[in-house]
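The following pair of complexes shares a single chain, chain A, combined with chain B in the former and chain C in the latter.
Our next item is the complex of A and B:
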């Protein structure tokens, strides 16, 4: 099927462009600023007691090498790309000598598990509720649900998370409020560990879903209430097709296309959410790693996390885009 | 509009309250960065209506300075990013073809790129040189993409209208057509997206500040919460230090959000009609 192939190639091109621009921004940000990370690290390292000038010069040399900052700007640019391509950002300074890639590899499953699942969950729930609310307009229950869901939408995420933390952590302490799993459990695929992981994920996931659901709800409701007025829906109703079926396969399937594009876009926000969520709930993911790295002044780790998140997000978007034609056959013809 | 639209009235009322609090900061009895000018940790009372912080500041004056800076920040980001998205959206929509495709590819890239790690990276490199305006500039450069796409889609339909042809045949240049003919059509949409953009930028600023990733010498709502967290205000029972900024920023959010929603309805006649019907 040549249509799908052309689509595939175009999407792949977009993926490459996102990675390219993202990495360029990261390079630009780190190099166009007047502050030299090498000097910063040196001044942090030498702030306690005096160090001989030779030692400092040596330190400067090895730090430049470590950070890939020796040579001209073009050379640095090439080194930067090479590092991104092979995911090798050297050893982390704050957790010396563990390589940055190992630290990221350890944190990434937590972030993807929590953030990806709750983003998709919010999307599914929001669309389902929104579709119902757009179709059964006079239902009191659905209207109430709409008001609730939309009330949460404009509140900043941080505040919702904080309130949940206080409610379930102090006022009614039923759920663990911090960490990814119970401390003393060995990580493995046994029943107790999985239950513990799930328990720890409830609060952060709940906060993410509560805040995320509103946007999808509103979008879906607007789309559905537009489609419901189309003639073919009226025809189906008069023809006696049962209503759940009209809603699901006649109305919602048509409304789903723009929502899927929206999902692909919101995947980019996963890492935004990760930092706050993980910070508030002490979750051992990529966001916590980034914040700790910033506080510890760990240049390679910060750069590594940023680059990995750019690549990971664009890969996720690519995946959604490639699944898109399965739902919307019109794409093939385009 | 005032009578029919409840959301609009509530939104305007909330924002007026917020603006009044922000405006009152010019009457502040002392500069907002001074510490230990009043007795610390006093709960809300007649002398200090919203209490005082552990750093010896009156919560009310601190709050009014903070909300003023936060709002200014939001307006600055919105203004700069509006200019960008208008320029790119109108150009792409009017010119079409190759330029449109290139611009929209870049646009889509900016939509999916994870902003937060980049902003954190930016803070990490700038450290103490991070200023309020610099952050606004960076955020504006990263936050124009979504609305540019919206503006482009409107511009696309405007291009097919007759008056565009008339303007072109009467010898107007591309810039003139974009600025004089197309811009007025797009402005209402821009206005409502501005609200959302302000919300977005304030939310990001609060988040960054709460983590301490901005210039913490300029009081904003986020910085205020940051200091409260630094002094473990919640555990120490000084709830008024956290509750009031959080409440005020929530009011701002809801106000701007309602305003955007009601404007959208006003601009889009279809949803207005369906509203009248039900």
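Our next item is the complex of A and C:
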């Protein structure tokens, strides 16, 4: 236990260091962007309407003051950390003066909902199929399933997404192709809204599952193929234990350990958003928010989204590292 | 195996259930009474924000400026419902004093805000004074630069006292896409900070109020006011749609799918390929033109914009040589697949501009000569538009008009000849030389040009730029494209480019006055190299003759016919000097679906406004649209 406590403290320290370095890198990279949010704002404000060149210089100055972009980089760095210490990323520069945290808060639940379900679904189906395929190696049906699953795996995601869009949005238009829910439906925890959200999530989730399932399938099949040659499995088979029980309790249970690690890492990664998914299906997540922010030079928003992602991924890794020694007696802490 | 079979059965059941429970496009609203249009701004990050006076805080084309806002005047980019000029909140045109230092506006009576409060001069005075007192609002800078004071001698008259003469001050309150909108005094005066007030729900002067919006910014729905007669478009009759929804339908392919499913009545813009697909496969979809090129030509002129402060482009013979190396037919095919409306002169061929400028200058252009150093050369080819039509006719058949007037309207008139010999002579006259296959500048360096394009953000213009760079390269110039993508605005303003495909010319469309863009081309506004250039003289071109034209334009009234003469003088000057190479109008593939609605504007029988649904002028379309029986 004292050994574990020391390990816990060490890992926590590493987590804090990783987050600190990651956020610092994000700060300097975003501030190095050649896209000036003031010029983007002026361009957007003047690209169609009447402009007065004399007014532009004044507008530029006013916007710099409004956006707090005066002062050097180090001054902005100090202001940034003062805000982050109280979980404030400041106002968005492209949706001024709305706080970045509000914009992220609106988009994040959609990303988490879609990607959490898709990731878990792909994991469950991939591992199930992979386990079955690895154990019942002579089954033609499972071999066919394996071919199909692995067939999707190398296809670029955007192709799968567009094919689904065309199939179910145009050829057989039974599913919505855009948005998170039906137009004019009030958001709330009622049956109609939930059904609408689920309907709108089918295509994006399906595209993610189809592409994601292959990796889990291959991993599980390989692990199971190794484990079935173990002595205890052979012993159980010779002892007359029924095959489904051997598969579930003897084989897959042992094969799952590394897959659980992978799942935890993948779940941490959902906070990165799924940019292509959100762009193709018009899903209101943080991936789209990030793309818009980059194009607008809104580095407050880019920094906010990136920081959330850094913390989430690091936290997922930390959680796995802390739980593993507790769950698997073979893992020793030093 | 049983598990597998069960999984497959569950999957099929889910798919069937999905289909069985398929929801309509829009919940709880009658589709036949709802117009659904695309918002080109996409997903709005800050959807609950309707304070359009706070700069870029929320969406503008969500229906907010099209349906809810109002101001003094509108100039239509096409012909207008009742003429191109509409007095909206103003009862008459602007009244200037003799030296243009004072503008009086008589306001229309009987107009009410959506909460029942009458509109009056108090709202105008409040709007202007708020912008005078607060920096950082959308129109703070132009108001502070121009206005010394505002007065209202009675509830329906306002008098602007200007800091200096400005014969076009009214342009600030004249809608060409947008303008300075009027704020409701009784609402905003309660807000602590007008720049941080979200104005949700908005209290409006327009015929539509906010019905609902997506907290994630994908859609906004507006509802026709019961008292629509107490708005300025009540004069034209009841707006047809009971509800208008502005949505983000996603990338161009999805817009096409949405319209083919009749879930999107108006596509703001799609790719040429998307337009051709709809033209072929959807009987109910049509563009501005019933046949090729379908698109509506925006009053905007994409061009090759040189950075005229660079040494290599200071000589007009070099600019002319580069113009003569362009085969505009190839550029039209590469960019718009032939659906382009070309223009050889410095105004876009749209609205009433062809009547005031293109037609009258045709004779001058045919006789126009340049000196190549070896001979006098007539560079204008009047048959280029017809040649493009002829190229397309074998594949597009009767989609391509045969009537010369219709060809001119659809494809444009003439353009500059593609003449490599004349280009060679001009470059040699400028001191350039060719060694082997490559051209060299007068100081012996390779002649290199990087053509800046926007990339994925504007694929049509990127294709145009790529074709132009290729044509220059074939001649022996080391030309290539540079993709600016998101940095275009920054680079353009900074002058960080050699040549770029963009536009520095935008006109009213319906009115021939060119000061909308031309005033900003005066040399007083040209920034020094390295300093940011204010819109729109991106080419940073100074010319004393141009300054004279601009100064004389400033001294004449907006409607003075002298302004048209001066406009023609400008066009002749830029034809001689070629500071930019005009290419074509910015054609917008707005596609309208007649499944649920009829009465859309079109080029042939109903050019009462442009169909592009993000313009403030779109409100006039509402008065013409009727539900299909």
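In this section, the second predicted complex is superposed on the first by the 233 of 334 C-alpha atoms of A that agree within 3 Å, B and C clash if a C-alpha of one lies under 4 Å from a C-alpha of the other, contacts with A are read in each partner's own complex, and residues count from 1 in each chain.
Definition applied: contacts are C-beta pairs under 8 Å (C-beta built on N, C-alpha and C of every residue); 3 or more make two chains touch, one makes a residue touch a chain.
From a predicted model like this one, the values you see are computed outputs, not experimental measurements.
Visitor: Which chain makes contact with more of the residues of chain A, chain B or else chain C?
Guide: Counting residues of chain A touched by each partner, the higher count goes to C.
Visitor: One more residue to check, A:279. First (chain B), second (chain C), both or neither?
Guide: both
Visitor: Is A:40 touching anything from chain B or chain C once the two structures are fitted on A? First, second, both or neither.
Guide: It touches chain B and chain C both.
Visitor: Who does A:120 touch here: chain B (first), chain C (second), both, or neither?
Guide: After superposing on A, A:120 lies clear of both chain B and chain C.
Visitor: So in the superposed three-chain picture, is A:18 touching just chain B, just chain C, both, or none of them (first/second/both/neither)?
Guide: first
Visitor: Quick one: classify A:302 as touching chain B (first), chain C (second), both or neither.
Guide: Touch status of A:302: first partner only.
Visitor: Regarding the shared-chain residue A:294, is it in contact with chain B (first), chain C (second), both, or neither?
Guide: Touch partners of A:294: chain B and chain C.
Visitor: On the A-aligned overlay, A:167 touches which partner chain: chain B = first, chain C = second, or both, or neither?
Guide: The answer is neither, since A:167 touches no partner chain.
Visitor: Tell me the contact category for A:256 with respect to chain B and chain C: first, second, both or neither.
Guide: A:256 contacts neither chain B nor chain C.
Visitor: Take the contacts of chain A with chain B and those with chain C, and give the residues found in both.
Guide: Residues 34-35, 40, 162, 166, 279, 294, which sit in both footprints.
Visitor: Using the touch rule from the top, collect the residues of chain A that touch chain C in their complex.
Guide: Against chain C, the touching part of chain A is residues 34-36, 39-46, 48-60, 62-63, 65-66, 92, 94-98, 103, 106-107, 110, 125, 128-129, 132, 139, 141-142, 145, 162, 165-166, 169-170, 173-180, 182-187, 192, 195-196, 199, 202, 279-282, 284, 288-289, 292, 294-297.
Visitor: Which stretch or stretches of chain A touch chain B in the complex?
Guide: 13-14, 17-18, 21-22, 25-26, 29-30, 33-35, 37, 40, 137, 153-159, 162, 166, 222, 225-226, 264-265, 267-272, 275-276, 279, 290-291, 294, 299, 302-303, 305-306, 309-310, 313-314, 317
Visitor: Spell out the residues on chain C that touch chain A in their complex, using ranges where they run on.
Guide: Touching chain A from chain C are residues 1, 3-4, 7, 14-15, 18-19, 21-29, 42-43, 45-46, 49, 54-58, 135-136, 138, 140-142, 144-146, 171-172, 174, 176-179, 195-196, 211-212, 214-219, 221, 245, 247-251, 253-254, 257-258, 260-261, 457, 486-487, 489-490, 492-493, 506, 516, 520, 525, 532, 534-537.
Visitor: Under the stated contact criterion, what part of chain B meets chain A in this complex?
Guide: Residue list for chain B touching chain A: 105-106, 108-118, 120-127, 129, 199, 203-204, 206-207, 210-211, 213, 234, 246, 249-250, 253-254, 256-257, 270-271, 274, 278.
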